[in-house]
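Going by the order they are written in, the chains are A, B, C, D and E; count residues from 1 in each one.
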Amino acid sequence: MTARALVSRAPLVAFQIALGVALVAKGLVSSGVGTALVTLALFAVWIGGTLLNSWLAARPGVLRFKAFAIPLVFGLTLLAMWEIAVRGYGVSTVILPPPSAIAVRFSHSLPILWEDFVQTVIKGALSGFVIGCVAALVTAVVVDRFDFLRRGLLPVGNFVAALPIIGIAPILVMWFGFDWQSKAAVVVVMVFFPMLVNTVEGLHDTSAMQRDLMRTYAAGYWTTLFKLRLPAAMPFIFNGLKIASTLALIGAIVAEFFGSPVRGMGFRISTSVGLLALDLVWAEIVVAAIAGSAFYGAIALLEKAVTFWHPSQRGHGH
Amino acid sequence: MMDGTPKPAAASTVISASALNLTFETNDGPVHALRDVNLEVGKGDFVSFIGPSGCGKTTFLRVMADLEQPTSGTVLVNGVTPEEARKARAYGYVFQAAGLYPWRTIGGNIRLPLEIMGYDKRVQAERVKEVLALVDLAGFEKKYPWQLSGGMQQRASIARALAFEADILLMDEPFGALDEIVRDHLNEQLLALWARTQKTICFVTHSIPEAVYLSTKIVVMSPRPGRITDVIESTLPRERPLDIRDTPEFLEIAHRVREGLRAGHAYD
Amino acid sequence: MRAVVPVLTVVAVIVAIWYAAAVWLNAPWARDMAARQDRELGAAELVVDTWSQDKPKLPAPHQVVTELWETTVEKSVTSKRSLVYHAWVTLSATLAGFGLGTALGFALAVGIVYIRVMDMSVMPWVIASQTIPILAIAPMIIVVLNAVGVSGLLPKAVISMYLSFFPVVVGMVKGLRSPSAMQLDQMRTWNATSAQEFVKLRLPSSMPYLFASLKIAMAASLVGAIVGELPTGAVAGLGARLLAGSYYGQTIQIWSALFMAAAVAAAMVGLIGVLQRVTLRRMGLDR
Amino acid sequence: ADEMTLQLKWVTQAQFAGYYVAADKGFYEEEDLDVTIKPGGPDIAPVQVLLGGGADVMVDWLPSALAARENGAPIVNIAQPFKSSGLMLTCLKEHGIETPADFPGHMLGTWFFGNELPLYSWMSKLGYATDGSEGGVTIQKINFNVDPLLQKQVECATTMTYNEYWQVIDAGLTPDDLVVFKYEDEGISTLEDGLYTTEENLEDPEMVDKLVRFVRASMKGWKYAEENPDEAADIVLENDATGAQTEVHQKRMMGEIAKLTAGSNGALDPADFERTVDVLLSSGADPVITANPGDAAWTLAITDEALK
Amino acid sequence: MMDGTPKPAAASTVISASALNLTFETNDGPVHALRDVNLEVGKGDFVSFIGPSGCGKTTFLRVMADLEQPTSGTVLVNGVTPEEARKARAYGYVFQAAGLYPWRTIGGNIRLPLEIMGYDKRVQAERVKEVLALVDLAGFEKKYPWQLSGGMQQRASIARALAFEADILLMDEPFGALDEIVRDHLNEQLLALWARTQKTICFVTHSIPEAVYLSTKIVVMSPRPGRITDVIESTLPRERPLDIRDTPEFLEIAHRVREGLRAGHAYD
């Protein structure tokens, strides 16, 4: 372990130790030895995880491995703390099940989880995402073409985007029916404006010089659009896509709270809470988190492939 | 005109500006970027524009390229208006920064104007090869701009302007961002290229030695309002080795340019 | 001000489309009711009916405006039937959540920028946290907080925080890293401490990013507060209004609550915009 | 006074009038209680609140309470102010459904969150598949209102005699346009709105004492509400923090609620309990509960004491 | 050493580097930025570093400033290690771009290092006045950087480096972004300042005339690996009017620098 790593780690660990000591002491005074021991175990795991990670971070070695291992250790630490807390403090499983119970339920409910995944993610979120993003792209080009629209539509769009989706979802379910179409509609509404705003901004992100260059070639509007402005807008478009990817899943799930066929992740979550099958609820949340992160990751990868030329993608070279 | 040397006989006129004025309306009031500018550029000339910052060099070049509209006066490029000339793709324009598109390879960047102008795919490939060789970049076709040094990028951007066969080359401080040694080298190459292709070149620079070394004609400008204060016909031969810059003749012209500049310059 | 004419035009177009859509969406019900009473509806009658139903599928703009007027201007602001009262309830949770979220986001960002381990471990999980549907865990958050004796404004604020810390983390990490290597080196040549580097360089440089993320965070906070109002028991606030409207099919009430929410969001974001302009101007960054 | 918290199953409305009346009329105070009433909502599982310590007593339906018990929530019925069930299935006549025999091939909408259990039991008793397959019905999860029925997104929808049914009527339909199936009439009714607490609470004599006083005062409230429906409705309206309820609707609701509480003095009738369990156990392939929870799920100790 | 002029007698050494090596580990393998560098800089010297891009000029300056750690060899600044010198605030560093903070006025920018070093408020104000006068910017204290021209900004950044009384000034291409005429003017002012303050200055540049005009000693470097190829002691007098640049002696030194550069230069 290098001195540098020690220095960089010191403030965090010091903070953890201080907090730990305080809470253990408080536990001892107010709730007895058992609780204090659990608290102690919690902090032991937390500090242990942090130390392991600092050691990993300070080690010379392959960056790609570290970028994978360190968040993993961090996540495992969180899970271990969760397990210890739930079991140690005796939290009722109908309030918060431990990760181990969730894992068991997950492995036993794969068919249900898969059916729900298809209904919500593939049918609802994905289709809405595609429709919403394409629509936003096309609108952005139109809006960009007519400055009048840009000045008129964007402020109104900002206002509309501020409408909370919990309010919009029931309305759209009423309009588009119970099946995935209404979920897709909610997703379309949610992803449209982030996408539009980013794309419009991106289409403006060319330098005067680049545009002048096209003019010296006597290039027309569409040529300039396809050869210059769309490629230049890609980093912004991907920024929008990334935001949209997290929104899409949330939108599809939330919309199912307001009416659905008897399948889907949101459906399962909302009904299972009613039946206190909290382990299933969390299994669905795990699916959502994995699907969401994977979706995000896939777009990030695609971004890397498409905007490889952008300085932000070219790594931290000099 | 203050130069004593005779004008080269009857070079056919490629660019002519007469009584040109251009005023920008800004928030702080009008800015007189060009005032009563008159100039003739003959075929095959290499004209340098030099002058302090803000004297209107770029503006003048942009007017020729139909990127800016004069407030009054007329400009003719190849005998027609700048707009017609632009639409006829009569000139290539090289900007101060290389301005290559980072998402295209060097080859792709040079191909860009050819694609836009609807050249045949095969012809495109040939041209790219040709101009890359011309600027000494053969073999770099597949690289991306950011994989090249500044000097190489600038050469690629010149290649891009050469790719479609425009007779006129407008260059706005193309070497401004480069170090002196690379710059010397590119100057030599540019001269060679000019000699080979017989193009007419308008070249903006801040560097006195560069202007003197390259040009057949040096236009000295002065700001507030932007105007031409001196036009110096070079007495140097067309054939110019690098060390011509140590000759008294060169220094004499350089001195004259510096005096002209000094006269019109405000220090900040 | 250049935006006034275009905005008005766009609004006018939207209103026109809205009226047309109201006719289209509400017509089946109107025809249905007429059929039950063995009547035929003329075109004019149909239009009038679709624009004045009690529980329309899509209320006409004037119905929403009337409802807004009645529930804001004509009711005392302390009345439970006043939308201003409910907006205030939501706003207070929003502001609390916004404060908490900004503080948490800020702290995380500072940690990520200054502590290498945090830099490498926290970000993927922060992203993952945002892929969890908040509506699903909001009730659990409320219950868990209830179990440890926290209730009232705070649970709502916590949910609001959950949504609002994210944009702040992302923006502030970017912002605190925005000083160039040269500027950081410069600090080193003056032998500045980390604290000085933070206060005199990183913090001021991050201001434009800060405000951009604050705007997003504010909008997210409002959504969070509304989500938080659903499982706290439909007690009060715009979220409760939305819910209650939904149980009784009061579409007009839903729409006016929605517009109120959007107006509150717009006002808050606008306020941050003003703050931004003032701050940046005082910093000389607003040219 | 002793503090207590009651978690309702739904938003403030006349369905819970007894508790609001008891609070407003000072019946709780008379018993030296300081009761906080927490309204519910679509995403609140009262059991969670109870077990999480956010409430001492809750109002719940027996089916969802038993399902929760099976999932490890040690909750016990301590009183049953509602004698009969208000649950029913309302269909539009135009879809041609007249008897349960007509259900196959139709689209039924129900609330979930535990409320679907009686419907599933009924369908399985009728022998209909619920997955939309040939000869069965299709079940949709609908939001807690009657719009889907009015907009014809479903052909039948779950309604309560005291609430949603009247919303349909208010929307402009007449009873003639509708066909209703009351669970009570179909012999598949399950117990609704009972009071529940945790096993742990029942082991604490002090708590038991508080619960006794609570149930006594609550029943007093219920009986007062039955006798003075209009006043009760007004009290409910005053306690509605959303300001969204209307007087007409609450008064009518109070009238209907009075019919459901009429037969009860607060004590659970074990026969009703057994009937509910039978209905739930008969739910075919995917039963709501898998075993008879037995007597541990209810107790008469509190009501016996309260009614002395 | 290739210069024939005698070394100035026994100037006390301010900076000395011996057997200095610095290798960067990059993804594409190690980059030898400095190889076996030896140099002595005496008190009051004005040393210019010139060489093609990537030859390690900046790296060398950064090593002196303790912004980069050498792989081997030693550097002493004022007789101590660079780190100690940095902590003792022994030098002021001027970067290529002015790098003024846009949210601080010119005065605020100059005050910044003083605040960091904990100077007394009153002393701060005095110093700011002093150095602003020194660089001819009196009266601009309240202006923001973007209200000034590029040349003025660069002067402000020099003022900032002068504000705390470091004896050594390290300047990395401070005038690289400016046009030739402004640059001439700043060169004159820098010389005057140097004469007045007796500071030791290390100055990186790409421009041969600039290096020759300013320096008492010119260090020519060459890349891959970065090393010193020539050290030229200037024979020009300390007093240097601008037109000294047209004298044969000047041209002679310039020529020698150019030859040295040419030798080590690869054109890309």
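Convention: a residue touches a chain if its C-beta (ideal position, glycine included) is under 8 Å from a C-beta of that chain, and two chains touch if they have at least 3 such contacts.
Note that the structure is a prediction, hence the values are computed from the model and not measured.
Trainee: Using the touch definition up top, find the fewest steps from chain B to chain D.
Mentor: So the least number of steps between the two chains is 2.
Trainee: Comparing chain centres built from Cα atoms against the global Cα centre, which chain wins on proximity?
Mentor: Checking distances from each chain centre to the full centroid gives A.
Trainee: If you average the CA coordinates per chain, which chain's centre is most distant from that of chain E?
Mentor: The chain farthest from chain E, judged by C-alpha centres, is D.
Trainee: Going by the touch criterion at the top, tell me which pair is linked by more C-beta contacts: C-D or C-E.
Mentor: Of C-D and C-E, more C-beta pairs in contact link C-D.
Trainee: Hey, how far is the Cα centre of chain D from the one of chain E, in Å?
Mentor: From the centre of chain D to the centre of chain E is 84 Å.
Trainee: Which whole number of Å gives the spacing of the CA centres of chain B and chain C?
Mentor: Centre separation, chain B to chain C: 54 Å.
Trainee: Between chain A and chain D, what's the gap in Å when you average each chain's C-alpha atoms?
Mentor: The computed centroid separation for chain A versus chain D comes out at 38 Å.
Trainee: Give me the residue numbers in chain B that touch at least two other chains, ranges are fine.
Mentor: Not one residue in chain B touches at least two other chains.
Trainee: Could you say which residues in chain C touch two or more other chains, in rising order?
Mentor: Chain C, residues with two or more chain partners: 57, 135, 139-140, 143-144, 147, 230, 246.
Trainee: Tell me, which residues of chain D touch at least two other chains?
Mentor: Touching at least two other chains: 42-43, 45, 48, 52, 143, 147, 151.
Trainee: Okay, in this complex, where on chain A does chain C touch?
Mentor: It comes out as residues 5, 8-9, 11-12, 50, 53-54, 57-58, 66-67, 70-71, 73-75, 78, 95-96, 148-153, 155-156, 158-168, 170-171, 174-175, 246, 249-250, 253-254, 257, 265-266, 269-270, 273, 278, 281, 284-285, 288-289, 291-293, 295-296.
Trainee: Quick one: in the complex, what on chain D touches chain A?
Mentor: Its residues touching chain A are 42-43, 45, 47-48, 51-52, 64, 67-68, 71-73, 112-116, 130-131, 138-143, 147-148, 151, 153.
Trainee: Under the touch definition given earlier, write down the residues of chain A that touch chain B in their complex.
Mentor: 207, 209-210, 212-219, 223, 227-228, 231-232, 234, 307, 309-311, 314
Trainee: Show me the residue ranges of chain E that touch chain B in the complex, using the header's touch definition.
Mentor: 52-53, 148-149, 151-152, 179-182, 185, 206-208, 246, 251, 255, 261-262, 265, 267-268
Trainee: In their complex, what parts of chain A are in touch with chain D?
Mentor: Residue positions touching the partner: 92-95, 170, 173-174, 177-178, 256-262, 267, 270-271, 273-278.
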